[in-house]
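One structure is given below, encoded as structure tokens.
The chains carry the letters A, B and C, assigned in the order they are written, with residues numbered from 1 in each.
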Amino acid sequence: MELKYDIVVIGGGPAGMAAAIAAKKAGTDSILILERDTRIGGILLQCIHNGFGLHYFGEELTGPEYAARFSDEVEQLGIEYKTDTMVLEVEKGEGSHSVTAINTVDGLMKITAKAVVLATGCRERTRGALIIPGTRPAGIFTAGAAQRFVNIDGYMPGRKVVILGSGDIGLIMARRLTLEGAEVKLVCEVMPFSSGLRRNIVQCVENFNIPLKFSHTIVKIHGKERVEGVTVAAVDSNRKPIAGTEEFIECDTLLLSVGLIPENEIASGCKIAIDSATSGPVVNEHMQSSVPGIFACGNTVHVHDLVDFVTAESLRAGENAAKYVQGKITANGEKIILRPGNRVRYTVPQYIESRTQDGNVSIMFRVTDVYKDVYLEVSSGNEVLKSVRKKVVRPGEMQVVELAPDQIKSASGDITVSIQLPQEVAE
Amino acid sequence: MIYDVAIIGGGIVGACIARELSKYKGQFCIIEKADDVACGTSKANSGIVHAGFDAKPGTLMAKLNVEGAAMYPELAKSLHFDYKNNGSLVIGFNDDDMEHIKKLYERGQANGVPALRVIDGEELHKLEPSVSEEACGALLAESAGIVSPYMATWAFAENAVMNGVKLFRETEVHGIEKTSDGLFTIHTGKSDIQAKCVVNAAGLYADQISAMAGARDFVIKPRRGEYYLLDNKCASLASHTLFQTPDKMGKGVLVTPTVDGNILSGPTAADGDDKTATETTAAGQDEVFIKSGKTIPDIPRRNIINSFAGVRALAYNADGTPVNDFIIEEDSEVRGFVNVAGICSPGLTAAPAIGLYVADIIEKIRVAKWEKNPDFVGVRKGIESFKDADDERRAQLIEENPLYGRIICRCEMITEGEIVAAIKSPVGAVDLDGVKRRTRAGMGRCQSGFCSPRVTEILSRELSIPMTDVRKNGGCSYILTGKTR
Amino acid sequence: MMENTIEKIPLTCIICPMGCSMEVTVETDASGHKKVTGVKDNGCKRGEQYAAKELQNPTRTLTTTIKVEGGVLPVVPVKTAGEVPKASLLQCMEVVRRASCKAPVKRGDILLYDLLGTGINVIACADVAKV
């Protein structure tokens, strides 16, 4: 089956929905969202806890409610979407790209698109990637997979649970499983601090008296057919287990919340430049990748903490995809590279296409460690374009800094975003 | 029902013997204690079809290795399992190594290994650019190959079943009696099974089975070997199977592509007493990683997607001396009882040849010649792969079976059509690992994180069992412990 | 007469994802009655209100699922339409576990009234169509 659209959005989660909505409002009508699940809404559909939308809507919503705001608008705007549909590949071309997708009703589809928006989200890091020693019994789940079983299918993954990783998903599941009657015996975190929100440490772990151990990891999984327990050990400053600190904890379930990785199978397939620091596509301020007409937004670009930021970024991507289709985006060759400086792990976007901007450019970034009483500095050459005092910055909390058009115009070369200690700040 | 031959053990060896016997008239059965075939050593090994230069000349190992290796290409085609004739290289780093390699070459010649030659460093690096610069030469064996050992086991077992062999699953043998009329009564956890001949292909437990029958006294000791598997984006690191020569660190490890496009490295060799010990260890994983680095420097450890361990069966005589060969013989005391034991490396390679060899042994026991089974069909159609098809064929597959239009395992591009076929096939999958071994669903980068909820639903639906009864791999390996509401 | 005891307690505000690390001054009188007399390092006014409430009568929103009969999904995500006492969360779950509703369910439908006598209703957070 051959189809043609101006814009194809791959992924119908919060990123894809926002991009499609923005594209439609920006004047492009021919849009198709392709979603692999049976409904649009994305991972939010299983995130039944609240905390979503405080920035964007000014209200605290649950995941499904936040998703519904957007899926309702997708319906109201009459944006086409196909569910239960998997994109197999995107082939980049001159002037248009070819998206190959399948589902049980339409069969194999070859869709020509003037622009493609990649909104494919992220995946969870696995036990295999961590090389955790021990047996390979039933009862080991990534936190997201367990969350799906509990919240969508209505099944319990286990009764006595140990959770590795204190990221938000692990903390949320600690509470969820406890509420559903399981005993969460321990949340174990290899770093000396949590990558999750402090509010989640309080309301998910402390409030339920669940033990939380920092600088600890799992060194062995036990159990022939089903998990029977785990051995936990303390780790040193290099995150290596300290001999003699091992402790056996009896349990029947191990949940892994050990990191999210942008899902960029399709991006790699069409040879888009990938940033090794984010594992996502390199993008400019339009959320356009290194391939003209292929845009990306949401967790597929870099893993977010707040869906509100996903929405903001994705609205931008969709609007620009529409502008691209309408021929309104031109590169004038005045590219400025954005560099992660001291104590900054990465920036998104990775470069600014045009020195001349109509409005502010938002730069999102993450820091490498927890720093208190520091200065966020945006500089170009020897000139400091912007300096903001920060009480505390954490790796688990994405930061944003906005640059005004005149600040960008005045940049003498690359722009560097860094965290400076008070003694490093120029007089 | 009195079976002509009852085969105890549904691994690659038992499956090959069964398939061979199914060519003839008679009643045959496989008795497997796990819920599926290939649940023991057959699912966790290197997957190598060895050329045959390693086995000691004059041994059964050597003879059956070379014969078996020659049988694989044709069998892979007719029984539809993945096999690749990628060739192997034993790599040398110094003069001592090259001496050893020369000896292997001579041994290979004695064993009748075809297409074997010693090459220099230049040719080696042309063939394998990622191999260490320190490597100075190699033994090239062009007849070597790689195979998916569990797919092959399934293919042989299924063809056997299609041709009338009965497969008893989750049936553990507890005792073997020979009655005065010469018949064997096999006592199992389920019902008794009667047979004229018994073949003991019970792998790690062959010693116990032999003892049950009062036959030859030998001991099977387990040797645990750890492996790691690299993401398929690292596939270009090796095209041949790369062996090392033993050095002061002991026996080396291999680095090999797999038929599925991954890179596999291992095994270690840890001898112990626990036949069920299939755990990986931090030390073992470090050992494989460090040793593999000798062959291919700079293997990206962050691209490891999985690690596993398999246990192989080493045979020892009652006096404690190693047998150092396959034990394949009719027992001298218990007539009609055939031991097929101690089938460690090159067991996978030899298995098809073991099938022929054992069929001959049994023919002599029966005294009467085998009569051909007129209904025997030696060809098996496996499950057509969506991923391997071109766009035109993919479109057709979905038209013929809409379930091919739903991707379940996104990492390996496996469709619901293939998974349902794996469950419904004559020796069908009954649990998640069974689906994984037949379709590869769950073997990719995300290690079933995405597909396992969906595969669980499909198993529940197709087997008409509640979700809470779905297991990972038999026994009490339940995935879910209850409903929330 | 005994002096009131004054302590400074660290408290993470959980009102929003900022999770401000506040310092709360708590005064305890002779009869053991505690009162929040000062809040520092709160990012906004809500933090002050949270501190007082958390000390006297900590409450939480409960988010969970309720069984659906005859729907395309077996459970529907729900939330309490306000906050219930923190100490009652597990008891609330007992009630929720025994409850069920019939499809179709619409977002915002009240599925349980006056949960555990708290005066708080439980509402659906998503639609579930009929099979």
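The criterion applied here is as follows: a residue touches a chain if its C-beta (ideal position, glycine included) is under 8 Å from a C-beta of that chain, and two chains touch if they have at least 3 such contacts.
Keep in mind that what you see is a predicted model, and the values were worked out from it rather than measured.
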Winner on C-beta contact pairs when A-B is weighed against B-C: A-B
Chain with minimal offset from the mean of all protein Cα atoms: A
Rounded Å distance, subunit A centre to subunit C centre (Cα mean): 27
Subunit A-subunit B separation of Cα centroids, rounded to whole Å: 40
Whole-Å gap between the CA centroids of subunit B and subunit C: 56
Multi-chain contact sites of subunit C, meaning residues that touch two or more partners: 65, 67, 74-75
Residues of subunit B whose C-beta touches two or more other chains: 484-485
Where subunit A touches two or more other chains, by residue: 150, 153-154, 180
Interface residues, subunit B side, partner subunit A - complex: 228-229, 276, 278-282, 284-285, 302, 304-308, 391, 394-395, 398-399, 402-403, 405-407, 410, 413, 432, 445-447, 449-450, 452-453, 457, 467-468, 471-485
Footprint of subunit A on subunit C - complex, ascending: 12-19, 21, 60-65, 67, 73-75, 77-79, 86, 89-90, 93, 107, 125-127
For the subunit C and subunit B complex, residues of the former touching the latter: 65-67, 74-75, 97, 100
Complex contacts: residues of subunit A adjacent to subunit C: 45, 48-51, 54, 60, 62-65, 68, 150-154, 179-181, 197-199, 201-203, 207, 305-306
Touching residues on subunit A, where the partner in the complex is subunit B: 36, 84, 86, 88, 100, 102-108, 110, 123-124, 126-129, 131, 133-139, 142, 144-145, 148-150, 153-159, 180, 219-221, 224-226, 241, 252-253, 265
